[in-house]
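Below is one structure; the comments refer to it alone.
The letters A, B, C, D and E name the chains in turn, as written, and every chain counts its residues from 1.
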Amino acid sequence: MNIETITLLTVFVPIIGSFTIPLASLISKPVRSAWAVVLGAATALLPLFLLPTAFAGGETILRKEFILGLDFILIIDPLAIFMSIVSSFVGFLIIIYSLGYIHHEENQNEYYLLVVLFIGSMMGLVYSGNLIFIYLFWEIIAVCCWRLIGFYRLKDFVRKADKAFLVTFFGAAVMLLGFIQIYGSTNSFDLTMMRGTVIPGTAVLLILFGMFSKSATVPLHTWLPDAGVAPTTVTALLHAAVLVKIGIYAYARIFLYTFQLPGDWPNIIPILAVISSLVAAAAATVENNFKRILAYSTVSQIGYIFLGFSLANEAGISGSLLFILMHGLAKAGLFLCAGIVIHATHKQDVREMGGLIKTMPITAIAFLFCAFSVIGIPPFGGFFSKFLVIMGTVQAGHVWLAAVALFTAVLTMFYLFKVFSQVFLGEAKVAAPEKTKSMVFVVALLAFLSLVAGIFVSFPAKLAEVATAHIGWWLK
Amino acid sequence: MNNTWFLYMAFAAGLLFVGLYCLLTMKNVIKLFIGIEVISKGVSLALLATGFVKKNTLLAQSLVITFIVVEVSLVATALAIIINIYRHTKSLDIRKLTKLKG
Amino acid sequence: MTPQTLLWPILLPALAAVICFLIPRNMKLLREGIALLASVAVLYLGFALFSVKNLEFRLPWMGNGINFELRLYHFSSFILLGLSGFLFLITLYSTVKMKNDPRVGEYYAYVFLSAALANGAVLADNFVPLVFFWEGLLLTLYGLITIGGKSSNRTAVKAFLISGFCDFCMILGIAILWSITGTLTISQISVQPEGLAVTAFIMMMIGAIGKAGAMPFHTWIPDAAIDAPVTFMAFLPAAFEKLLGIYLLARITLDLFKLEKGSSLSLVLMIIGAATIVFAVMMALIQKDFKRLLSYHAVSQVGYMILGIGTAIPIGIAGGIFHMINHAMYKCGLFLSAGSVEHRTGTTELKKLGGLSKDMPLTAFGFSVCALAISGVWPLNGFVSKEMIFHGALETGYPVFAIAAWVGAIFTFASFLKAGHSVFFGPRTKEVPPVKESPAPVFIPILILAFLCITFGVFNKLPLVNFIQPILEGHVEAGENIDFTAHALSLFNPVAGISILCLLIALCLHFTGWKRGDKKAYLASEPVHKFPVIKQIYDLAEARVFDLYEQGIVFLRCFSLVLFKGIDRPIDFFFEKIVTKTGSAFSGVLQKAHTGHYANYLAWCLGGLLAVAALINLLIK
Amino acid sequence: MIFLFIGLPLVVAALLPLIGKISKRVLPDLLANAVFLLLLVLAVTAGRQVISEGPVLKQLNWLGEPVGITVAVDGFSLFMLMAISLLTLCVSLYSIDYMERYGAKANYYALLLMMAAGMNGLVLVTDLFNVYLFLEVAAIASYALVAYGLEHDELEASFKYLMLSVIASAAILISIAVLFGMTGSLGFTAVAAGLRSLDAKFVVGFCAALFIMGFGLKAALIPFHAWLPDAHPSAPAPISAILSGLLIKVSGVYALTRILFNVFGLTPALSQVLMYLGAVSIVVAAFLALGQKDMKRLLAYSSISQVGYVVLGIGIGTPLGIAGGLFHLFNHALAKGLLFLNSGSVQHATGTRNLEEMGGLAKRMPVTAATSLIGSLSIVGVPPLSGFWSKLIIIMALVQAKEWPLALVAILASVLTLWYYLLMQRKAFFGKLDEKWKNVKEAPFWMTASTVILALLSIGVGLFFSAFIKSWIQPASDVLARGIHLALGSWGI
Amino acid sequence: MIWQILLLSGVVLFSILAILSKDLIKSAISLALASLFLGILFFQMNAPYAGVFEISVVAGLITVLFMLTIALTKAEGDVRESKLARLIFPLVFVAFILIDVLVMKGLLQKVPALPETSESGAFGDVLWKQRTFDLIGQLAIILAGVFSVLALFRKRNKDE
């Protein structure tokens, strides 16, 4: 198989495959679940074959011409490969975890369909080299999310799903206007053709709006905590691995890889990112709902990633790339731990939990590991990414922003420990053992990977370095 | 020539006005429909007068005839609806026909 | 020796940590054996590397100038040796003390992991590995404190947060330094502390002194003294963290930045040092718990080191570094002897203890030596290093710092008189039944440390010439005297005189207090405690008003609440309420217009016609 | 062959009442569906060949002599014919099951066929007065069909619809009279030629205003829209689908565009007015839809809003804008037809149209729920469904034309659109199943089948938008582009 | 000219009567009379066929339909019309006529026109050769009307 075939398969196997899941369920439910796992595994495996290409640092472009410049273009470069490996892998783990988690729920067909479609669309988005196709996959993902958030069908849940969909759609629509403005001045949607173009400030504003809404950055973030009503698997998928990274990825693809930012934008975006990070961390400190805390924490960490990319220097970019990986692993781990806890205790409020380390030690340790990674404690992976981002910030001359970002890190430390103490330590208020093996396994694996990714950081760091060199081609 | 046209058109406009006035102020549905008929007269007058003035009477005439046929069809349908409405509401008041709103 | 050897001090303890963690719970002997073996091996490595002195190991790591660089030279080899020595002693001690702890496997794992990380931090010649190892210690810090039991988590979190804060400051400092110099390799950096570099210096300094436990980053240490196992106290706060913190501080002031004598930065350091000395020792004086008293001293003594290094005068710096190693020894010894007492009696409250010198003579001896050393009694090592610091402080031209140091010396001795008097001497108490001397693995480390205290004091040339002087070589201007052994033990100079006077004052204070307090030694500090004004300050301090951590937590909570209520909720309110309400308001008004009246609709149409006609008329040119 | 589009439905409609005497259900079903299927096949296959060499003008011969029946087929008309045949086919398939409970199927199909004949005729004629005539054919059939249920609501809606439509017709006729007076003829080409040789800016403006009012009322542009939210919900579901999906577009948008572009030639002033009307319709109707509790009324307001998009797109007057508008017209026909059919299925199953009373029907009616989701998202403009591409092209055209505020309006209104469609989805399908509807069943076969066809088409057109635009939209918009003196095919890359 | 003005005035007057009279029967009859005048006017304008149609169909058939409807809805179908509308009608009408007379002339003068081409031939030829489509349209319209009426007066059998 050549590179193009692999990439096309990566994108279309899950997308088309997802629609066969309901068909598979006609045979039997286990077959359906197994088929979903197979699809997830295929999606996770396929991009791994692209790794050699990624390390080589080249890019391959695949193009199918359509009218009006709406060509279907795939860019296969280190950035895309990096992102696709991270997303598909976490997605795959989440499918495995789902086997246990939604075992007793209704609408499983829809669930698996949407999850696999979600992952597939993510692959599509990651490789897309045309603004409109980025938007296209972006919206497919939004639809999947909307259904998944409202998965339990309760009235309020569905309302929150609608809120999430509306806010992200609003942002995306505004972003589309930005894309079209670019089209208006360049007559092209093709990212590969427009590299190095300086785009107008309004377009930047419009596009940023979309990215912020999708990546849940202040002030368009409140849908994300509300989206916590979804099944935990979904929130993990949404918050940790895939969804919120879309906006960031698009930032890298659009503003780093392709266009140049005009005027003061390179100085404004870091400030926005840091404010977002700080406000969300503060909110996480105040919140008491387990999943909402983690969701706010996600918003906060996303701020870091934005910060890194917006600095437009090597340390920042490769820091953010690593951050995507590390945060994906660790935050997915945290959410899935929360999932195990909530699944077992049927409670969401951390004040009502306690002492669970006795009955679910693996979950507790995994939670702690992932928390360390999110905080940025070596040797966990999160340390390197956060460190690089801070380095980049200072290098770009924003010492104050770096200080605020570090203050945010202190807040992160504070609330994560608060949660850990409240949930796992202290008096046991509810006894709830770890039940499902597949869930615990996934959580432990994620925690372990967070650690391994830190200890053997040089491998992902190399990839991030290649990717940075590739997208930051304008950095001498 | 223009004077003739002016004459006819002015009267056609007058008819249209009368019809519209009826539609705007009257309450009885049949009366309303009579208003519509008045408007139709204005329209057919305008059509024919234009043809007449432009020495195109034959064509205009055929248009007017077709228009009259349309009118008949329309009247038949409308009156059928009115009768049905009357059967339902036992009233011909247009103000009672405000169930659909918002 | 190949450069790869430098990986051994890191990998070996790490491996030992993993093995200790994995050994099943009931195979105690095996675990202890392996632990001892490993610590001996590390100690051997320490000696071996100390004899090598110069070795570099470089490996590309993450790009961007971030390489895995280790460098062994005289300073780091000296610290490395110290670290491995303490590791061995603590391990030996732990074989008895931690025998019955349910989480002993974890304990050894954390200890060896700490050793690995500390070794790494000392050897690192690149900021990234440095921070990696340095901040990694937070993990073991957290883990070790939680071993202490139920209530320890709060303290563990506190320790974690404070240290984490300091480490983040250091990261910021490093980042600034990087942006100034463009390199991360420590040995290549040397900048003048001007402009942004001042910020970098202060940030890195916070990292270093935070690790060492200076004020105001010390408050977790007294708490940990209560909650955490005593071996932990001897291991991390007393020995490892002091060594690391002061090592880094010395590196910062000597290598990375050219700290000028009398510069404002030097002044800052000295103020921090002096404040730490005085306030911590005042707190130590009134403590009623043996371990807690020791822990405050652990803080107070850091002040001396910082003061010494902050003088930016060779003798002061040398004194600071010497004090660091001395302090590690006697404070470790003190904690271990406290542990020994606790091991046998089950308590460390001064009130309950008394007259143990008969039952536990070896422990009492060890304690006494260490206590005298810490108090700076001639001819023990504490005396030597403190004298050097006094000299240094005086030479800066700010005698106030020397005075502060002397005040510290007074109360140090007074509090140790109180502690020793109430625990080992004086009458027996009823609470504690007769006890035996602790087993050999417990008292041997104490005795070794006591012995070292004496050795380093009497034969102070040995450490000063072999360890300290090489560090300063190349950092002082040519021709300046770096032979500090000259008046090391000399009693006949004004400085030494004042020091001895201080000790006498302390003795007087103790006896006055002892007499006043019904001849109960643990009440000996009460006169000072009850002194007007000072009493109020003490009360406030006991209520943790001066604990920046507590205030910081309150601040964090309030700050978060303000941001949450001030930014997050209003945004949500906007989406949830304002947008929806506006939407339905618009919708409602428009719906109201659709009354269902035919005339109404017709009027719209006609109006629309007129509007369209007018608009077209207007737009036609 | 082209005459079949008018003749066949007319003849079959005339015969149906007689056939209805023989067979009440089966034959009318069969016959009507066969007619629509045949027309669809004709439009898609043969029709393409007919115009392969450009527009065709055909005059009918009677006994070897040409008579005054002339039809013209060009890309635009053929596109409309295809759309009409497609949707009427789906609707008549749907009616097989749905109209059972209304009775008098033969009569129903006759009216449906008349409406189709009227629309086909309207699309094919070459003469202003014939436009009016066929408009009325379709309209009269639609009055009866709206009132087909014969309940109070239906009658009231139908009556208002009729009374307002008549005003529209009057406006159209007066405008025709003026044009007739100026040029002495009624044929599109003749009138266009005549106008070009005269300096008649203001009169053309006046006539255009009358046409805009007249056809705008048919197309339900705000402020001429008031009849639509009454009439469309009241009609039986398949008829609502046709009215919203086709009639307002054929008798409103098509006629207006045909005349403004190919007779008058679009001037900047007209273009502006159309854009403003479109934009106002989009926004106002979207807000109105937001407050609706009645599922079909919501859909009806949404139709107004979407027709606003179509008019906005066409009104830009650039080839790209026209293409976008026409594409949206088609997509909206598919999706709105689909949604009205869905609402019919829901009403069929639960007996209510009130959204507040529904809830969680997806559980019991999965196909209906899924297809309605696709329809909603397509209208909202969520990729990759067809509605997205058309909205995208419209907005691209707006941006290219430097109409920034309108582009913003178009974008933001699609958020509003999403909002009310989410409300509809949430209240009707997505959510916990209401106890009341425990025993609800999925709609019968033909109803489900036709919705599935429409949903698949929405997806298919979205996926193969490029091919579809090239083969159907581009010829159609070229026809209109000629009306604004732009070179053929200049809009595409 | 005078004749024409008189006829036109008659049409308008009877139209006004039709909308203002209180009794629906009178309204219908006034409408028929207006149609009659219009038909005569059509004769005057050389459009005899249109005149015949106007008189027979509009004045005749439609009036009959109106009468029928009025009869069918007689029972209590009286609707109080607003008096105000009736009272101010003359005022408004006069105002409109004034504007009409003033504006219409200006408007019509702005209408340019192509030179007239005098047409020749019989009416039948015109209808057959040029407006054949209208015939089909008429057919369709009548069919549509018939079907509509059938649909509206069908027996509603709910069980079906």
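Convention: a contact is a pair of C-beta atoms (placed from the backbone, for glycine too) under 8 Å apart; a residue touches a chain by one contact, two chains touch by 3 or more.
Source: prediction; values computed, not measured.
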Note to self: Going by the touch criterion stated earlier, list every chain that contacts chain A and also contacts chain C.
What the structure shows: D
Item checked: Any chain in contact with chain C as well as chain D -> A, B
Next item on the list: Going by C-alpha centroids, which chain is farthest from chain A? Tell me that one.
Entry: E
Note to self: Need the central chain here, defined by C-alpha centroid distance to the all-chain C-alpha centroid.
What the structure shows: A
Checklist line | More contacts between chains, A-D or D-E | finding: D-E
Next item on the list: Please identify which chain has its centre, taken as the mean of its CA atoms, farthest from the centre of chain B.
Entry: C
Item checked: Rounded Å distance, chain B centre to chain D centre (Cα mean) -> 27
Checklist line | Chain centre separation in whole Å, for chain C relative to chain B (CA means) | finding: 97
Item checked: Where chain A and chain E are represented by their mean Cα positions, the distance between them in whole Å -> 71
Next item on the list: Find the geometric centre of each of chain C and chain E from their Cα atoms only, then give the gap between the two centres in Å, rounded to an integer.
Entry: 103
Next item on the list: Send over the residues of chain E in touch with two or more other chains.
Entry: 113, 116-117, 130-131, 134, 137-138, 141, 144-145, 148-149, 152
Checklist line | Interface hub residues of chain D, defined as touching at least two other chains | finding: 129, 133, 136, 140, 143-144, 147, 150, 160, 163, 167, 178, 181, 184, 202, 206, 229-230, 291, 419
Next item on the list: Would you please name all pairs of chains that touch?
Entry: A-C, A-D, B-C, B-D, B-E, C-D, D-E
Next item on the list: Within their complex, state which residues of chain E touch chain D.
Entry: 107, 110-114, 116-117, 128-134, 136-141, 143-145, 147-152, 154, 156-158, 160
Next item on the list: Show which residues of chain D lie in contact with chain E when the two form their complex.
Entry: 6, 10, 13-14, 17, 60, 62, 66-70, 100-101, 103-104, 107-108, 110-111, 114, 117-118, 121, 125, 127, 129-130, 133-134, 136-137, 140-141, 143-145, 147-148, 150, 178, 181-184, 194, 197-200, 202-203, 206
Note to self: List the residues on chain B that touch chain E in their complex, please.
What the structure shows: 2, 5-11, 13-15, 17-19, 21-22, 25-28, 30-31, 33-35, 37-38, 41, 44-45, 48-49, 51-52, 54-66, 68-77, 79-84, 86, 90-93
Note to self: Under the stated contact criterion, what part of chain C meets chain D in this complex?
What the structure shows: 583-584, 586-588, 590-591, 594, 596, 598, 600-602, 604-605, 607-609, 611-613, 615-617, 619-621
Next item on the list: Would you pull the chain D residues touching chain C in the complex into a rising list?
Entry: 160, 163-164, 167-168, 171, 201-202, 205-206, 208-210, 212-213, 216-217, 222-224, 226-227, 229-230, 267-270, 272-273, 276-277, 284, 287-288, 290-291, 416, 419
